[in-house]
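You will see two complexes here that share chain A, one where it goes with chain B and one where it goes with chain C.
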Partner chain A sequence: MAGMSESTSTQMGMHTEPLTGRDIKTKFTLENEGGFAYHFARDVDFNRRAEIDCAELEPTEINRQIRDLMDSGHGSIVIRNPGAKHSLVVGILNRMNIIVEGSLGYFGCGLLDGPTVRISGRVGWSFGENMMAGVCVVEENAGSTFGAALRGGDLVCKGSVGSRTGIDQKGGTILIGGDTGAFSGFMMQRGRIVVCGNAGKNLGDSMYDGTIYVGGDIRDLGVDAVQAELTDLDRAWLTRKLNMYELLPTQGVGHFTKIVAGKQLWSYDNLEPTEKKLVL
Partner chain B sequence: MCGISGLIYRDGARKIGGEMTAMLQALRHRGPDSTGFAMYGAPGPNEYVMRYKVAEKEDLDGGTRIHRAIKERKAAVGAVLEELGVNVLELDEPTEYALRSRIAFDGDLKRLADQVEEVEGGEILSIGNALELIKDLGDATAVSEVYGLGTFEGTHGIGHTRMATESDVDIRSAHPYWAYPYNDIAVVHNGQITNYWLMRRQLEREGQRFVSHCDSELLAVYTAVNLEKGMTLEESLRRSIDEIDGVFTYLITTGNELGMAKDTMAAKPMVLYEANDMVALASEEVAIRAILPHEIETSDPYDEEVRVWQA
Partner chain C sequence: MPGSGYKGAQIDDVDHFLKGGGIDTEREQDIGQHIGYRYDVNLLPDYDRLTPFLKDYLEFMGWDDLNWLEDVHMGYDDGQAAVFDRNINGWVAIPEEMELPDNQQDRDMIAREMLIKFQMSPDHPLVDLYKAYRKF
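Entry: the complex of A and B
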């Protein structure tokens, strides 16, 4: 088992030193009262659906109404007429469904931990910033700093995104159906970025760790970013992940280029928390 | 932080004054100190519109003497115009200190501008065949109401909401900037130009004059000089990305064009909506939604991207 683990992590371009150090994750056990949820999480029913018409509402009021609906047990909320307003659907630490019919402005869906969000339109700068867990899918384009400091979950944009995608990313997965701009993966520390289209200049500049996959052209690589071999495990993972969000290119993923950090810091490994189980 | 916006119609004039007001009001949170508009109406042959001021708004708080001084300054400008053979076809005074003159003039624009600016408190905001540049303290709605911009008809325009960071809250420091003394060229800019003094001194050595210490004005004069040398607007915008240091996104207008350039870092925001009949750009999509409330497809221009649209 140990040998297989070592082989697996090596194949994925990761190093094999023992995973040690502090662990700040909360440990859940089946005996915990309240199960696996946070003590402050609302008990929502996914089959209870409600709508908010945002046309005449300020962002603060819209976010308050989302919380009120969660308090009353609604687990599926539809946001209508968001009008590209800023800072909507933020700070939600629950498993639940949110459907945004329209576009969001800046800082949409920040600080999430758990929800599944689908946006039919476009999103502005800093979408999904600091997300811990959950899924956000944007059907159109997105602005710059998409998924900044992302820590977990899947952040998906089916169109193209602006610059500095995944800046300071600390975990999770960013999937882009189109192109991404300059400085994507800048100071990335963990997690994965997948770009089906082209990537702008300085890709992965100053990245500490993590992996970037690009299906199209890369204008140039940043400092410390290097090309690595695309393995069978990479291909399997890309195929499964892109398929999940209907982004799998017709020609498959064999043409993707894999980019990793050329100089890893001693205290970093690039295993996702879920992958640690494979090697421990 | 500041907010900028631009609007151009490809199929004739519209009531852009009201639309620009709505767009800039939606960006109020990016800068509530002052608001400015540079809009392009119907050009008249051998006619110019001159927008100028003879005092700052806050000067009015300085006692009763300023009112007499303003009257004297207006008379002095009138004397200058008469001396230069300027035929004043129309004179509006939307405020006590800011005026709009429609003039017939076939002389040297620089001489006209220089002589009006020699009058104490005198500052030309713009002279153009089609350009009218209006800026004052307050948000877009307040400025638009005072200057009656809601009914302004034209083909294109740019605007700016300012958060004062490095200079005073006054009209002189408000944007947009006219490319003194070039006909019909104006700029709005979001960012910071780090080789401002180097570039400015170079242009001053070539005989150019600056009316402010704002780095945005550099972009207007720089572009005007490039156009005078025979470059197209697109060529000038591309060159600016190599020659201008710093972080910037700027919009620049001529009598029939609207151009956009974004720096190499793409550090300043811009959202673009492009349709067959019009193009709208703004620092935030919420400004475009102020005039197009339905769902629209927008995108962020990338680093080093340059675009030019024709009216």
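Entry: the complex of A and C
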């Protein structure tokens, strides 16, 4: 209770317990120092390569074969004839190289934590959903909700993507070589979206935090998304990141527009009705 | 320190959240305690400040940059330096005896290094969770 006796809420008798201290707290010690991979990760060698022909296989069997190859130490796997099947290359918590020769359907490369995946074709809805870490590069176009709820890592589409790109994004970086559709960055909470082309309407609608960079035109901004100044740190980061995936425009990044949260929605419940109307 | 904003306000002292109670905003004054995430989640990393351990980690993973660690920063929880571990949804406190650098960029690099060492440890809670709940 110390420290709370002065607070308005306590004076009003609204609560008597502190909000802090409810989360898990752990102290780091050198005794729990680990290596570079999860303790349960498979020991794979990038130089050991294998192939899976998916033409006659169901998605469950393809994913099982990927895990079997990882168990036997293969660090590079080529997926042939994926046939735009859904839910392929999911739930891999390992460093890996995966090359997909063709296109993926819905929910491809979801729940990844570590691998590097390259797709030569297109991908369907919700590609890279909930990815924690790693790199995914799509050479052609992607469907809607590209990188939904992304937590970390780099998600790259060299073509254009559909609507609601990076919806509910909580970290990581989404890079788009072409255009992005409406409501991109919707309810984004953290991370970065970089669009080299144009952005559709309601960009960054209800974003809580994070940053969106757009190289082309923006149809319009969503609620509480505002333009910010592009800093030297932004320019250096954009140049390095876009260079990594051969997406750096010939004229550089000086023309990019930076969008951030206006932060008017952060204390929305505290606003008076007339103030809420002003925010919306 | 550029980029060390907090809730939209510029914080000039890198030790601001270690020295004070962190009750800065009107809302925090109302409830009598700070609201978490005491660091700028949008601060981009300065790659000139990578530690040798982080360079080795990136080489091991086969990445060209910090990847998911770009979103890891040193935070300040209950007046103590800490790093948030998303895998346990909790703060990992930095030992009090550790001397902290005088700028947020170097502190962030230390936080990234310590988080990797903690997450990859056999003592990490995720090891038990993985055994109990793994799907495949």
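Keep in mind that, in the parts below, the second predicted complex is superposed on the first by the 229 of 280 C-alpha atoms of A that agree within 3 Å, B and C clash if a C-alpha of one lies under 4 Å from a C-alpha of the other, contacts with A are read in each partner's own complex, and residues count from 1 in each chain.
Convention: a residue touches a chain if its C-beta (ideal position, glycine included) is under 8 Å from a C-beta of that chain, and two chains touch if they have at least 3 such contacts.
Predicted model, so just to flag it, every value in this text is computed and none were measured.
Trainee: Applying the touch criterion given at the start, work out whether A:Thr173 contacts chain B, chain C, both or neither, answering first, second, both or neither.
Mentor: In the superposed model, A:Thr173 contacts chain C only, not chain B.
Trainee: Per the contact definition in the header, classify A:Gly204: touching chain B only (first), chain C only (second), both, or neither.
Mentor: Neither chain B nor chain C is touched by A:Gly204.
Trainee: Tell me the contact category for A:Gly185 with respect to chain B and chain C: first, second, both or neither.
Mentor: The answer is neither, since A:Gly185 touches no partner chain.
Trainee: With both structures placed on chain A, which of the two partners, chain B or chain C, ends up touching more residues of chain A?
Mentor: Of the two chains, more chain A residues are contacted by C.
Trainee: Going by the contact rule set out at the top, does A:Phe40 touch chain B (first), chain C (second), both, or neither?
Mentor: Second partner only, chain C.
Trainee: After the superposition on A, what does A:Gly121 contact: first (chain B), second (chain C), both or neither?
Mentor: first
Trainee: Spell out the residues on chain A that touch chain C in their complex, using ranges where they run on.
Mentor: Per the touch definition, chain A meets chain C at residues 3-10, 18-21, 23-29, 31-40, 46, 63-64, 67, 91, 95, 97, 114, 116, 132-135, 151-154, 171-173, 190-191, 209-211, 231, 233-234, 237, 240-241, 244, 260, 263, 266-267, 270.
Trainee: Over in the complex, which chain C residues touch chain A? Could you list them?
Mentor: Chain C reaches chain A through residues 2-3, 7-8, 21, 27, 29-34, 41-42, 44-47, 56-57, 60-65, 67-68, 70-71, 77-78, 82-83, 85-86, 88-95, 114, 116-124, 126-127, 130-131, 135-136.
Trainee: Would you pull the chain B residues touching chain A in the complex into a rising list?
Mentor: 264-266, 269, 271, 284-286, 288-289, 293, 295-300, 302-303
Trainee: Once bound in the complex, which stretches of chain A touch chain B?
Mentor: Its residues touching chain B are 83-86, 102-103, 105-106, 120-122, 124-125, 140-141, 143-144, 159-164, 181-183, 200-201.
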